[in-house]
Structure formats: structure tokens, C-alpha cells
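Each structure below is given as C-alpha cells.
Shared between the two complexes below is chain A, which pairs with chain B and chain C, respectively.
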Partner chain A sequence: MQIKPILSALRRHKAGTFLIAMQIALTLAIVCNALFIIHQRVSHLSEPTGLDEADIFVIQNEWVGTSTPQQADAKIREDLVVLRQLAGVQDATPSNSYPLRGGGWDDGIKLKPDQQQDTTGSTVYFADDHFIDTLGLKLIAGRNFRADEIAAMDVRDTLAPPQMIVTKALADKLFPNGDAVGKTIYMVGGPGTIVGVVDVLQAQSVDRWAAEFAHRSTIIPKRLASTIGTFYIVRARPGQLDAAMKAASKALFAHNPRRIINEQDGLLSFTEVRSRAYERDRGMAILMGVICVVLLAITAAGIVGLTSFWVGQRRKQIGVRRALGATQRDILNYFMTENLLISSAGALFGVLLAVAINLWLVTRFEMNRLSLVYVLAGVVILLLLGQGAVLAPAMRASRVPPVEATRSV
Partner chain B sequence: MFGYYLDLALRSLRRNKTLTALMVLAIALGIGASMTTLTVLHVLSGDPMPGRSATLFYPQLDPQDMDGYEPGKEPMQQVTWIDGMNLLHAKRGLHQALMTGGAVPVQPAQSGMDPFYADARYTSDDFFAMFQVPFLFGRGWSEADDNDKARVVVITRTLNDKLFAGKDSTGQTLRMGDSAFRVIGVLDSWRPNPHFYDMNMGNYVASEDVFLPLTTARELRFDHNGSMDCWGTGGGDEEHLETAPCVWLQFWVQLSSTGDAAAYKEYLLHYSQEQKAMGRFQRPPNVRLPALMEWLDINKVVPGDVRLQTWLAFGFLLVCLVNTVGLMLAKFLRRSGELGVRRALGASKREVFAQLLVESGVIGLAGGAGGLLLAFLGLWLVRKQPSDYAALAHLDMSMLLITFLLAVGSSLLAGLLPAWRACQITPALQLKSQ
Partner chain C sequence: MLKMTHLSKVYRTEVVETYALRDFNINVKEGEFVAVTGPSGSGKTTFLTIAGLLETFTGGEYHLDGVEVSNLNDNARSKIRNEKIGFIFQAFNLIPDLNVFDNVEVPLRYRGMKAAERKQRIMDALERVGLASRAKHYPAELSGGQQQRVAIARALAGSPRLLLADEPTGNLDTQMARGVMELLEEIHREGATIVMVTHDPELAARAQRNVHIIDGQVVDLAEDPRFHHAVHAARNNAPA
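== the complex of A and B ==
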């Protein structure tokens, strides 16, 4: 295929050529970044919590009336007995929070008492000896808490648990040699010994600010004796989730009606918890996807429109070429190559623009650097799109009969 | 002449319906997306106290010990009880109020209604005057009520509807947390956006349902919500919050004019020095006095996702416009022959230009109308979202106007280049080739 005649023909359509290239460049830049954002959000929302999510539900229990922390703790213990006796319930545990909840207790962890900077942040889960079994966590080293280690803690006490269980991610961060069990670490209130390590347990927040310690969680042998309320994490027997949820709420009210379990979000299966936690990420990914598709469609339509116009304008020249011996395939190739040239120029500029936009997004928003895979994917998509869009007008051009050359208009 | 151009434009647009539809659709999509995101951004970055925000200030002090001290670091975001009360009683501003959020268990008198938790604001008497809170019945409490820890409460219209069927409930008794309160006021609908006076509750949450004196709430040990930052040996236990080295209260002050800010800042500086001399503060005085809108900026209230979406939508609009420019160019140049005849018959370049601009303007208007419909659809979708600002996404008059200006303006802009190119046609050449 001869490129030179195409280029000289394009020189006579500077404005149109420039506009198509421009549109392709802008589309490429936006689509690359949008795809990248989609990827970030989707990989974010498929992170594991470490929980056996299918059978777990959570009760947010709020107390009515004033009471002392001691009374609150007694009520929690009574509730646990009630919950664990239910037929559909396998186990239950009280906690201050749970993964994906969005808020909770975070603390800095130090390796030495006089250290100025924290080694890492960590989500702190208050737990009793049933916590690991209820959530279905995998204990990979050391041991679970013993029942006699569990104690009540007032909300305003400083955090200084004598024992703790950490996640593998946290253990690896603190003790890269893999010998975390038996070591002493320091929380805000003082030292504690690591007695066990669990495989995976996600932080309570999936927001960006908690990303650094997303899986570095600590489990402590304390019941949070809050007079406001508590969370009960409950594991239903397999397949009995719905029945267990209804039964649990009913049994708690039957035992002590002076409580509030909010109708909207007081009783949630973990599936609901997950979908609530990631609603925004999913919404953003869907929005970006829709924008990409519409943008590509509009660009394709623009290419079809402009090429059709060019074909119409050049009917006579095409006729002359056909009369002089050019085959239909030559004409088709001409328009396809023309589009490929314009698209490539546009794509080249688009790549630069995409990287520039990404760099700007990194400074303005919490974003990572664009990976080249996305840029390449975008280029391929756009080139294919251009070729696809130009196919119909080019076919029409190839069917222009040689006799057109003899017509005067 | 305009009527004639309009007629020509409509004829030309009718001639190639697919192309016209494509151009209108592209503009409509671009405008619809931009207007949806721009409206959300406009609503979220609005002024919660129009006309008053410039005189409302949020004083910040630095009462911490030297542990972790870095010069020039932003002071704490809230105040301690001692500092809050000192600033409150000094009365250096026109109005001032000290506050925190909380939750109170409400025990309705009706037998059929279960007790429930209501979001509460514990504050001081000036809150209502300072923030121009509208009253439906009754009024707020007095300074004497604050001092006496009076059992008085102001409730919102929503709660009044729920508990007292919307009747004037002033003078009635409301039981909360095992204590009896006298209702002294019912607020009319009031929802400042963002929830600027305490952003620990969420940036765009509705206002609280129950308002009562801070001193009363403390005496009854009502639960307070929000963030609490302690330092040193401060445990911040519930019994000794008044003396604890913890910040957990918000303090707002209204000055009589923006110019008084310097004097007030000077006062804060003196106050910090005085506290340091007394040994309460350890750090060198570090005070800030952001005005309301600055405070919102510092806290980055507008979500990043919303700003990102706005940029994305404008990028989208740009592509749609470039697309329209290309299509219009094709269309106008295709009519070179017709335009050549008009020019040869005596139409000036300027007249041909005007004719073509009218045509692009018509496309812009149609696109704008379509865009408006799409924006309504888009905002309806936004309102279905779970975020706390979802309910606020409505198009107001100013945004409606902007939509139309944006649509017509951008399509005229898009029409400029093609129209100009088409004017450059030499009439003789076009006639000759005919």
C-alpha cells in the first residue's frame, strides 16, 4: 500500500483529520484512566476478609437506660449465653467492630516502649475465646485465648492487653523472621505478648486511610463494656442463616427488652455488610464502565460520519481510480489505511495525554500511577474501533463503479 | 433575516436526520453528564450559612504537651472542656457556642411506641441565634438554663411530628435517659449542608433531632458521640471529662464583622500565652481562626470521587464537542455548492457565517434540552445512591440556567470553526465545478 498519496490527500483535509485524531486522543486518554480506575476499584472490592462469610451475621445491639460498665458487661455475657443456646446458631462472640464495618478502634503498634514513631497501625478487634471459631479464622501459629484470659474493659481505659493474637500480615511486618509467637509488642497503654497468629483478618475500614494496615489486625482478649452497646458476631449452622437471624433477634428481646436493634442496619448478614461496604466502589466502577462504552460509541459514530462524508466527496476520484484499474480491494485498503494512519497519530498523542492526566490525578486524588498495560489495551481498543468504524463507509467506497469517472457531477 | 436562517437551518437538519440525531445526541450526553456531576458538586460545595458564613469562625488552640511536637503543625481540631468554657464565658464574639454530638434514649409516653435513640446536640444557649435556626414553636433556652443545668429540650419538627403529632408541644414533658425534660422549643425544618458545625457526624448528615444544654447532658452523663483526642496520661474517662487533657468539643464564634478576626486571633494568642504561663499549655502558642468556608476546605468535605466524576464528565463533554465539530465540518463543507451559489448571489461572508451559526445554535438548543432531560435522569440515579448526600442532589434555578448556557455556548463554539471554514469557499470555484 502506498502511503504517500494518502498523506497528500489528507493534507487537503487538515481540519477533518485533526479533529478525528484529536477525538481519538481524548477518548484514549479518558478510557485508559477510566479502565485503570475500574481495575483499582474492582481489585479493592475482591480483597478477602478472612471470614467464612456465608454463615455469619452481625447484630448491633444498643442498650436503653443508664447503667454502669459492670452492668453492661453482665448483660453482654447473658446475651451470649442466650445466643449460643439457639438451635440454628453454631457460635457467637461480642466485639467492638468487624471487618468492612467502616469504623472501629485503630491503634499504633511499637516494638520498643520508648519508640517515637509507631512501627505500624493496626485495627484492634475486641474478642473472647469464641472469636476465632465464630469468624472461621485460620490459626496458623501459637494458640487461641483461654477462657480465663478474657476480661472486661471500660471504654475509657487505656489499651494494654496482656495477650494478643495478630494476623500473619502484621506478624510479618513486625517480625520478618516468622517468629512472632511469644514476642512482646507495645500498644498505647503498654506491653503485651503475641500468643497466636491467624492467617487473614481484614481491617474494619476499606477506605484509603486504612489501606496501609488493611490486613494488619490485632485481636485482644477483652470484652468492651460499653454502656451504649455492642456488636454480636454470630455464626449460623450451615444453611440456617435466615432462620438463625430471626431467632437470634427474637431471643434477645425475649430475654431483655430494654435494648434497641435498629430496623435498618441492626441485623445484617455478612453478605449485606460486604455489599454496603463496597457500594461506592462498585458504583464508581459501573459509572466509569458506562462512560467508556458511551465514549467509544460516540467516537466510532464520529469516524463513521466523517469518513462517509469523505467517501461522498471523493466519488469521482474513486471512479477515476477504478477506471484506471484499481480493484475494489485497493479502494477498501485505501480508506482502511487512511484511518489507521490518523488513528495511530491520534493514539500516539493520546498516550501522552493519558499519562499526563494520570500524573495530574495522582497529585489531586488518591490514585496510583497508571500501568502501561492499560495504555496498550487502550491503544489496541481504539485502533480496532477505528478500523471497525471505517469498514462500512470504506465498503461503500469500494463499490463505487468506474463509470462514476465519466459523470460530470 | 433570523427567521429565514432558522428556516434554512431546519431544512438542512431535516435533510440528514441520522447525522442531526447523532450531533444532538452527542451534545445531549455530554451536557447531561456534566450537569449531573456539576450539580452534585455545586450542592456539596455550597455555603451552609449564606450571608453569615464570612463572620462565623472556628477557633483552634494547641493545648497538647510537648510529646510529638512539630513547629507549624496544625493545632487540634477541637477544644477541651476548660478552654471551651473559658472562650465561651469570655464572650469576645457577637455570639458563641460550645457543643458536641450525642445520642439520647428517648422514652415516648405513648404506650405503643418503643424507646429509641435520637441523635442529639449538646450545646449552649447562643447556638440558635448564631446559626439562625428557625423555630416553629417556642424558643431556645437562656444562659441561666445553661448555668442551672436545666432539664429543657428543643426538638426538631420531625421528632415533634413523631411524638406529638405535629402539635405545639412546648411545655410538654419528654422522657430521655430516665429523666424528665420540658420541651421549650420546636425547630422548623433546618438542614445546613454540609453539617459544618461538627463534621465528625458525617459531612452531609441531617441535623440532630434533639438539642439540650451541654451542662445538663454532662450532669446526666449522657453519651456523647464524635471524636475524642487525648494526650499525656489523659484517659478521658467519663467521670472526669471536665478536667481531662482531651479535646472533644466544638467551639464556634460569630464576630460582628470579618475585620474583627485579627483582634479575635490576637485574643486567642494572649489566651494561649496566659495558659502557658499558668503551666496548662506547654507548647508555644499556635492558634488558627479559619472562617466557616476555610474550615470546610481544610477538612476536604467534598468527596474526591465527586470531583473526579466532574472532571471525567467535562472530559466527556469535550470529546462530544470535538465529535460535533467534526460532523458539522463535514456537513457544512458538503454544502459548498449551495453556499457558493448564495455567495455568488450577493450574500456576504458574514451573512453565510451567521446562517451556519444559527444552524449550530439550533443543534445546541436541541442538545441542551436533551441534556437537561438526561441530567434529571442522572440526578434521579444519584439520589438512589446510598451516600449521605444523595438526597440533596436537585437541580436549582441557577444550575438550570447554566445548563442552557453551557449547551448553547458550547455548540456555538463547536459551530465556529466549521462555519468559518465553510465561509472561506471561493464562490467562483464552486460554481465552476457545477
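== the complex of A and C ==
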């Protein structure tokens, strides 16, 4: 190995060496953190809702000329009959919201009536006895609501459902021993009994503030009788989603035209719901990816540029080395090793910088601690990038003929 | 040691062929000190680059230390350059980024020699040229004469079978040139085979034998009367 003479030579080219090492360090620091953010966002994107998403669509129905909760509830029940009778529809259910919608109803859950602090937060879904089947949820303990347990509820009423179905995540949080069914828990309005447990049901919001209870959902046997409107969650028969969506909207208007279903977001397949919910995450991941690619490209260009300059500058020197017995491979190795040394120094600083940037992000934006895997991945990427970038100029250098040693210019 | 037979070197362009060497014959025996002389453009440097395996030739044969070199690949040529030939260039050709020690070490590293042996050889070579105390100096910190001595140390460190010197005093003033020439003579006296290209009749006069080149061919020195006289005069004026 020629490490000692290469280091000696680099000491005579401090400015170029320092600049390229710092560029590598900065790129590494940013790429590590960007990869980490991308991974977090992508993991977020693939979180399960618990729904059979492929066949589900949602209708945001706004009433026109509905003045009382009783009128609203009557219309909801009529609409459900209309929807459930459609040939392409397997089932339908009303709700105050649905997973990934972005907004809805949350409440604190307590285990005792006099408890000051909530044991946990929970997303609250209003549901009837068709909710579980329509969404395709998996009931893993207890039972579904009975039809006679479903009651209308005015938005001004206090939340105090007598029965509840909770997700496994919430059940495990509240009752780690796994015996949640039959237990009483307390919402803002009073106690209720857990009658069933479903496997997974994601929260309405995917934002950071809701992350703590992202899968801690509570389903209550209520129809939200709002004079403003309601959501219908509809499950199409397999392969009939598009037809069912068109038929549903048409049938609802045919039954009662005094409603608004917004053309833009009043009728959405769940695929669209998912796409909209994670638009920001996807955008951030793409942005981070683009930043990584641009930074890596700039760094690679910097390495190619500097090495090409050095090869040009040392052409005579390369010829002398060849004259003194260096093979083409020796010359290639020289430049590859030189780059590896610079890249390694840059990577070392880059690791420190990456950790520093992450610590700042952790304290400033409550991000997670950077995993060592991303630092190592960043180091490997930068070292490989350096070796790849230096290859072409190094090969050019290796082709300098030994007779170059005798040329005067 | 070095034998070229009917050797030719042709530079071809799309429209013209230029013979740098034509039917070139030379035989340098082991232990000889030969000065290769000739006017500018006569083919001296081409001869040296071919002799040193820095360039290939077009036709003929070249045996170096008994080996026919025309069919050797690049790696084999590099190995021979490294192990059998020591180069001394007019412009010294030291690597400016490396200190004296590291410069002398360059060919030894390519030979894959162990560090302890390298160090021993480097210090021996530097002591021989009187520059052991300058081992940590960079070329820019040395005079021209000192730089050429370092280049000679670099050439000697590998114990080559053949020393090729291209105008070794061409970039030096008279006093420094004399010192370098005396060093080469001393090295020759110790048994080295030296082929020195020069256009300086005084230097040529100090070699054992002159090979004169004109238009790419070896000619009798008498065919270049002015140079012949100059060499003759230099020999007569040389101290006994």
C-alpha cells in the first residue's frame, strides 16, 4: 500500500483535499438524516388501517334543508336502506369519520371515574351494527353491536356510550392482561362497557400529534345525527368498486336530491383517501430523495472534477512513476486509494456532523434518534460514490504512457 | 547488456511517415560507460526511450540483459524498468509532493520491497550521493545539483543492471554539472553499465565510448567533424 506517500502528497494539496472532504462530510450528514426521514415517512405510508381498502369507498354527504337531529337521523336511515339495496354494494354504514380522513372525534379514556389524567387518548368512531362488516375489520374478542344497541346522537350530547368496541392496541394499553372484554372504561360523559375487540383500526389522523394513539380506536354504537351532514362508508362487492360508486351517488340523489356530495372530495375510493392522507409524507420523502440525489451528484461531480484536475496536473509525475516501474494498476490504485483516504476522512467528520444534525432535529422537531444503520449506510454510499466517481479519471491516469516522463512540457 | 539490431522507430501520421530511428544497431556491454551523442533531432532521445522501455519500436530486435523485449506486455515492461533500469532525467523528474526519502523510495515500493529493506537502501543511496542529511527536504528546497543527486540516488537504490541518463547535466551550471559527472564516473568505476545521452562534447569525452547518431542511424564520429574535434579537444584537455 502507498498510504504514507499519498498522505504526504495530500498534505501538499491541503485546500483541495479539505474542501472535497468537507463536501463529503456535509453530504454524508445530510444523506444519513434524509434517508432516516425517508424511511420514517415510508414506514408511515405503509401503516395498516385494518380496512379491506380495495373495495371500500366513502361518501361525504351534506344536507340541505335539514333542521333537526331527528330529521337528519331519519334521512341517514333512509339513505342506508338505499345504499344497501344497490346491486354492487355489499354493505354500508354511517360514521362521523373514517381512518386517514384527517379529522374526526378524539377523546380521553380513563380507567376510573375520579382519575385526573387520561390513561390514553383514543379516536372515536360512531358506528352501527354494520360498521365492522362494512370496513372488513377483524373482531378478535367479544361481540359486535346488536341493532337494538344503536342509537342516534346529537352533536351536542355528551359522549357516554353504554357499550364500546375497542382496538387491540387500545385494549392492550388499558388492560395489558388481555381481559378487556366486559371491563368498564370512562369517556368524557361517563362509563361504558367493552363488548368487543377488533384487531386493527387506524385513527382518522396520520399527523404527528395523533401518533400516540394511532391505532387506539374506540367504536361506539351511535349514529351521529348532525344537521350538517354525515359520512357513509360503503363496501362494494369485489371488482365492482367503480360501478358501485357511480350507482351510489346516483341512487342517493334519486332518493333525495336535497343534499350535496362535493364533486372533488364527496365521493372517494379508499385508494384516493390513502393517497390524499399521505400526500405530505410522500412529498417529504420525494423531496428528501431528490435532495440526496442532487447532493450525491454534486459531490460525485466535485470528486471527478478535482481528480481530473489532479490527473492533468500530475501527468508528468504519473509518467515518471510509470518510468520507475509503476504498472497501470499501480497508478489506478494510487488514485483510488487517495480518494478512499479523502472520503474516509470526510466520512469521519460526516458521521459526527450527522449525529449533531440529528440531535438538533430531535430537540427542535421531536424527531427520533438517528439509527446507526443509517449512518453506516451513508458511509458506505459515500465511500462507494467516491470510488465510482474517481474511477474514470483514475483510469485516464493509468493510461498515461511512461514516455511522458521524458517530455519537457 | 543492451543490444539493438536493425531497429527502427517510425512515427506515422495520415500523410507522412517519419523515421526517428532507421536500421539502428548498438551493442553495449556490461560495465561500459557509453555516451550517445548527436545533434538535436538526430534520434538520441528516441533511442533512450526505447532503450528504457518507455516506448515501443516499430521493427528490428532489442535484447536487454539477454531478454528480447519486443513482445513483452505492459506489466512485464514495467517490471523490467523497475528492476533492471535506473533513469536519470535532464529535468530530474523528482515528485514535488514527496520529500527526498519518499522520492527515492518510489521505485522500491513498486517492487514490493519490505519497509526495512527499503529504508536501508534509501539511506545507503542517499549517503552515496552525499544527501543523507536532506532526506526530509522537499525537492523545491534543494539546488538543481542536489535534485539531480537525489534522482541518481533514486536510480541507484534499486541496484539496476543499466543506468540510462538523458542529458544529466543539461539543467545544471558548470560546477554542479562537474559534480554530477564525477558521481556518474564513480558509479561506473564501481561496475555499473551507463548509457548517457548528451550533446555536450566535454561530457561525451569522459565516457569510455561514443556512439554518434545522425538522422536516426549510428554513424562514425568522424562523419560529424565539428563534434569529433570538440570531443577530441575535450579529451586532450582532460586532467590526467
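Methods note: the second predicted complex is superposed on the first by the 407 of 409 C-alpha atoms of A that agree within 3 Å, B and C clash if a C-alpha of one lies under 4 Å from a C-alpha of the other, contacts with A are read in each partner's own complex, and residues count from 1 in each chain.
Just so it is clear, contacts are C-beta pairs under 8 Å (C-beta built on N, C-alpha and C of every residue); 3 or more make two chains touch, one makes a residue touch a chain.
Values in this document were obtained by computation on a predicted structure and should not be read as measured data.
S.K.: Please tell me, clash or fit, for chain B and chain C sharing chain A in the overlay.
M.R.: By the criteria stated at the top, chain C and chain B fit after superposition, with no clash.
S.K.: Once the shared chain is lined up, is A:E62 touching chain B (first), chain C (second), both, or neither of them?
M.R.: Touch partner of A:E62: chain B, not chain C.
S.K.: Considering only touches as defined above, state whether A:V355 meets chain B (first), chain C (second), both or neither.
M.R.: In the superposition, A:V355 contacts neither chain B nor chain C.
S.K.: Name the chain, either chain B or chain C, that contacts more residues of chain A.
M.R.: After superposition, B is the partner touching more of chain A.
S.K.: Examine A:S8 and indicate which partner it touches, taking first as chain B and second as chain C; both and neither are also allowed.
M.R.: second
S.K.: Touch check for A:L111: first (chain B), second (chain C), both, or neither?
M.R.: Neither chain B nor chain C is touched by A:L111.
S.K.: Go through the superposed model and pick first if A:L295 touches only chain B, second if only chain C, both, or neither.
M.R.: Touch status of A:L295: first partner only.
S.K.: Touch test for A:A152: chain B only (first), chain C only (second), both, or neither?
M.R.: neither
S.K.: Which of the two partners, first being chain B and second being chain C, lies in contact with A:P402: first, second, both, or neither?
M.R.: Second partner only, chain C.
S.K.: Kindly classify A:G305 by the partners it touches after superposition: chain B alone (first), chain C alone (second), both, or neither?
M.R.: first
S.K.: Just checking: does A:V181 make contact with chain B only, chain C only, both, or neither of them? Give me first, second, both or neither.
M.R.: A:V181 contacts neither chain B nor chain C.
S.K.: Quick check on the superposed model: minimum Cα to Cα separation from chain B to chain C, whole Å please.
M.R.: In this superposition, no C-alpha atom of chain B lies closer than 10 Å to one of chain C.
S.K.: Taking the stated contact definition, name every residue in chain A that is touched by chain B in one complex and by chain C in the other, in rising order.
M.R.: Comparing the two interfaces on chain A, one with chain B and one with chain C, no residues are shared.
S.K.: So in the complex, which bits of chain C are touching chain A?
M.R.: 45, 48-49, 52-55, 74-75, 78-79, 81-83, 87, 89, 91, 93, 95-99, 102, 105-107, 109-111, 154, 158, 166
S.K.: In the complex formed with chain B, which residues of chain A make contact?
M.R.: Checking each residue of chain A against chain B gives 15-16, 19-20, 22-23, 26-27, 29-30, 34, 37, 62, 64-66, 116, 154-158, 227-228, 258, 260, 276, 279-280, 283-284, 287-288, 291, 294-295, 298-299, 301-302, 305-306, 308-310, 312-313, 361, 364-366, 409.
S.K.: Please output the residues of chain B touching chain A within their complex, sorted ascending.
M.R.: The touching residues are 19, 22, 26, 29, 33, 68, 103, 105, 107, 114-117, 177-178, 221, 223, 235-238, 304-305, 307-309, 312, 315-316, 318-320, 322-323, 325-327, 329-331, 333-334, 385-387, 417, 421, 434.
S.K.: If we count contacts the way the header does, which residues on chain A are in touch with chain C in the complex?
M.R.: For this pair, the touching residues of chain A are 2, 4-5, 8-9, 12-13, 316-317, 320-330, 401-403, 405-406, 408.
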